[in-house]
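The two complexes that follow have chain A in common; it is paired with chain B in the first and with chain C in the second.
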Partner chain A sequence: MSVTEIAGRLAGVDAGAPIRQSSLWQDAWRRYLRNRGAVAAGVVFLLILAWCVVAPIVSPHDPNRIAFSDAYQGPSWSHPFGTDQFGRDLFTRAALGGRISIGIGFGATLAILGVGVVYGAISGFVGGKLDNALMRFLDALYGLPYLPFAILALAIIGTVNFWTMVVALSIASWFITARVVRGQIITLKENDYVRAARAVGVRWYAVLGRHLLPNTLGVLVITIFLELPGVILGEAFLSFLGLGINPPDASWGSMAQDGRDAYRAHPHIIVIPSLAIATLVLCANFIADGLRDALDPRTKET
Partner chain B sequence: MPLLEVADLRTHFFTRAGVVQAVDGVDLTVEKGKTLGIVGESGCGKSVTALSIMRLLPTPPARIVSGSIRFDGRELTTLSERELEDVRGREIAMVFQDPMTALNPTLTIGTQIVEVLQRHLGLDHGAARRRAAELLDEVGIPRARERLDDYPHRFSGGMRQRVVIAIAIACEPRLLIADEPTTALDVTVQAQVLDLLDDLRREREMAIVLITHNMGVVAESADDVAVMYAGQIVEHAPAHELFASPEHPYTEALLAALPDLDDPAARERRLAAIPGRPPDLIDPPPACRFAARCPYAGCGDGCALEPPVLRELRPQHRVRTTHPASERTTVPA
Partner chain C sequence: MAAYIIRRVVWTVPVVLLVIFMTFTLMKQIEGNPFRKTERAVPAAVQANLERKFNLDRPWYVQYANYVRGVATGDLGPSLVLRDRTVNDIVEEQFPRSIELGLLAFGWAVLLGVPAGVLAALKPNSRFDYGSMLFSNVGFALPNFLVATLLIYFVSVKWGVLPTSGWTTWQHKILPSFTLGLVPMAYFARLVRGTMLETLQQDYVRTARAKGLRRRRVVGVHVLRNSLIPVVTAAAPLLGYIITGSFIVENIFAVPGIGRYYVTAVSARDYSVVMGLTVLLSIIVIVANLVVDILYGILDPRTREART
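Right after this comes the complex of A and B.
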């Protein structure tokens, strides 16, 4: 094998092919694809999403139709996941529950990201006394227990629906994101190119928006998949306790609650939503891991 | 009237360990279209001086405690951040030491040049891109138009420094501060970059402050030279005069430390060095800061008791010492 061929193999491109220009994101994508676990997790994640979107549309069963004659059926061809104590089709219902669980999960994660980025970016960029004040305030909030605070928030708001769940689950969980973003901004701020941009008179908001925030995107993408499992588990926990989504709407947490009474005789009712939660959380963790290795190859060079 | 006049500038860093008097008495004059070289060893305050003029030091911990910086008759020390943003890049621009880090790796170089052009000159995007290509061409980057859409990592160190220079001169500033612009480059590339800066200076009648620790660089490109030691200017003179007849003992020692490859006898000797170390700038000596390393200290002229002032020995030749070479009656102790 010639030197160029070896170099080509190492670079993951065909030897002899002209060296193509590739952006940071293309490079990261290539590294991600080489991580089999992360790719598998990504595929399963997308399959679950597809199932949640498609199943309720094509299903012949009405997910909210109560028919006691069909209650407690095990998995079969007409009901792949069986039915619950009201005779509702679990295949369709779990997909609908997934829409709500994942929807709340992404909604709350984006809320966390939004608040965290604004708070962290201001704190890190302005620095000095303001930074100190904002961080000490965060230290005080840090002691707040996440789930009791979510329950409290729901109690104060008074109504439980999709949006209040998003608020309740994000209100006490944006602290870490704010800190991560602040740290990133402070590190990036010390770069010569930031000083160079200021040396030619680039306005502060352009420095922040064009030179600092875009460079935190990698970290933010990772943060999405790091925060998602916690929020989805939180939602499931609240719904399992009966504090979350109200019937007849379903989330995976409330479906697990439905299966609690008959878990010995008919375990599939509690197992299916629980399995869905576990799979999704596992996938999100694997994806976050893969993204981190792909976007910051120095942390793990194989 | 000189383009830039810095008088008795003092920039201190207020740290937990104490007040670091990084710049403590800097007087500079830069004439229109001329190059002023600032030389001195590491940590003597060259870069802090440059960043003070640009007002780019983080405050806190840094603060300009006294002195004035007059640019074209306008006092810079009292300008607001907003006013400074209009001066930077438009009137005064800066080139940094390491071209590998002075460009944003996530933006194409076209974007980075266009950003400055749009910011100060208000060009529309198309016009700014055309101008950006012209600028790249001017600083000697081949196939300038195609390379606008390349990211910085596609350029070599020397080419990147050319891009950095293109960004700095984009809005035709009247003063360019170059902080060790060649230190991170290969020797052959160094000469090219210095030539480029000199060409640009002549074509645009732009003044340059060239910061370096390399006497050879100064000899080659500076019209005037300021020698810094421990946060102070110790000698300020036209380049030819400084090299022909240095007055300050520190300048003499620096010049004596230059290796001379043409002299066969010198090739056999050890290289000359200046004994001792520069003083701690948190607690500098009360009088002359060079006293501890000066061969003429302790000759009985009281230089270690009374801080010497920067005085005009001859027209345009200022020096901060009690015993300049031309007034010396004593021999080294």
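Right after this comes the complex of A and C.
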């Protein structure tokens, strides 16, 4: 009798009948698809990404061409989002700005994950006094506002570009991720398969690399979408204050800053990039919620 | 509990020292000392005097020790750009407005966010519940410069009800504080709803109902008290939100506070002010964390054992 047959008997299914096997990720995907809000958010998110990638390529307008005769146009067929004070097409320019905003967003989020995983894994895996020290340190830093440190970091680096923005926005934002990873590692460490692996003499890096870190992957995927909104807003704040992305490059934040002076007569210039930010952040929050419901074993259906 | 408090307090000291050290080191790295010879031709003797006045001729650890001593005694040093002012002058002048703005924002959040969360939890899946959760989601997502601009556009410009900017009369304070309070409000609504729903399912709530207590009394006595603990714990992370938000809000509404001054100081390369304000804000957050952690232990005895 094969293992599947025994399993089938035990489960009360006819022996020989195919048993539906599904991995954790397939299960999660199935659960995610059942959450209509999260699916809608995911679709909109992908649409925004597609717009940012495709629009500048196919657009008939040069997003950096200055033509004062076209300045301050409202939305129309040829300019669906209107034009700004230099007559630049906002539909194309906002897509271009989206590339930078979203790029910085994902870049900084990955940096946060990187630092958080290393810090959290060391703390959770080593344990003992080191864990205690590292966590007390995080306790105290918890909630530290990232913006002053981002501004400080940019002042120190001296130049503002894509990569320095990534560094600035991740420098004081990794505390929560580190704590989450540490919590996961601590819980996973107590599992029998980890003890068994250790008992048969598997080296520590193999235990960490094969048994612990892969199992934090679900939490990390959720964390990406939890951290993304904060970073996107952070970029927008910095650029809005004039400390971030500089012209002629555009990000959603710097475009909002462009529209700041003309908000009375031409509010669309500030509203469009701001709404792009809001939509993306809203979608990311819904995706994070959906992923948490789909991946968190505690809310798993039985 | 006493052991926990002592350990928590003791741990705060090295963290504050480290934050000061990091800020200090970062500041040392910045190119463009305001007294560099290239920027303004100053006689060598004057240059030396300036450097001596600001202790720039001493080794870094002496400068660091001096700075820490200054912070400990409440002296954040002189401004590098405004020669007649110290960082303390700037803090004393601007900080009260930022504190007022932050407190008012927090007030909005408690006044509107907490009841929204409570009512949503009492009638889950009702229209009100969906409405307040939608509001909460949108409140999180809208960048506050958009909220500020829309409020100014409609309330101030179109309807002419409230002034567009400034910080003098109470009318000036409504829009900035509301804008800044929006994220905490959304946060409270969601947080309180979640903890309320959880508390409502506790055994002691069922017991209270089973022994015949009226629902209103059960909610008032048992549920509300336990559900509001997270509001206290959330105060520390919200402080971070409020500080970050104040940079934008003070800028748009021209509130002469710390958040706006910080940006001005960065642009003016007034690094001693930037450093002083960063250290000050960090210490405030660190201390708020400490207070909240201790309060949490007092309010919720269940967490005491886990933490000692």
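Rule of thumb we're sticking to: the second predicted complex is superposed on the first by the 273 of 302 C-alpha atoms of A that agree within 3 Å, B and C clash if a C-alpha of one lies under 4 Å from a C-alpha of the other, contacts with A are read in each partner's own complex, and residues count from 1 in each chain.
One rule holds for everything that comes next: a residue touches a chain if its C-beta (ideal position, glycine included) is under 8 Å from a C-beta of that chain, and two chains touch if they have at least 3 such contacts.
The model shown is predicted, which means the values in this text are computed figures rather than measured ones.
Overlay on chain A: chain B and chain C fit together in the combined arrangement. Once chain A of one complex is fitted onto chain A of the other, the partner contacts of A:R210 are limited to chain B, with no touch recorded for chain C. Residue contacts after overlaying the shared chain place A:A197 against chain B, while chain C stays out of touching range. Judged by the touch definition given at the top, the superposed model places A:P148 against chain C, while chain B stays out of reach.
In the superposition on chain A, contact of A:R65 is made with neither chain B nor chain C.
In the overlay built on the shared chain, the residue A:G128 is in contact with chain B alone; chain C does not reach it. When the two complexes are overlaid on their common chain A, residue A:R34 makes contact with neither chain B nor chain C.
With both complexes superposed, C is the one of chain B and chain C in contact with more chain A residues.
Closest approach of chain B to chain C, taken over C-alpha atoms in the A-based superposition, is 10 Å. Residue ranges of chain B in contact with chain A, taken from their complex: 54, 56, 58, 60, 81, 85-90, 93-94, 96, 98, 101-107, 112, 115-116, 119-120, 150-151, 154, 164, 167-168, 170-171. Chain A makes touch with chain C in their complex at residues 136-137, 139-149, 151-153, 155-156, 158, 229, 233, 236-237, 240-243, 256, 260, 263-264, 267, 270-271, 274-275, 277-279, 281-282, 285-286.
Contact residues on chain C toward chain A in their complex (touch as defined above): 7-8, 11-12, 15-16, 18-19, 23, 26-27, 29-31, 137-138, 140-143, 145-146, 149-150, 152-153, 157, 236-241, 243-244, 247-248, 251-252, 262-263, 266-267, 271, 274, 277-278, 281-282, 285-286, 288-290, 293. On chain A, the positions that touch chain B within their shared complex are 21, 23-24, 127-128, 191-193, 195-204, 206, 210-211, 214-215.
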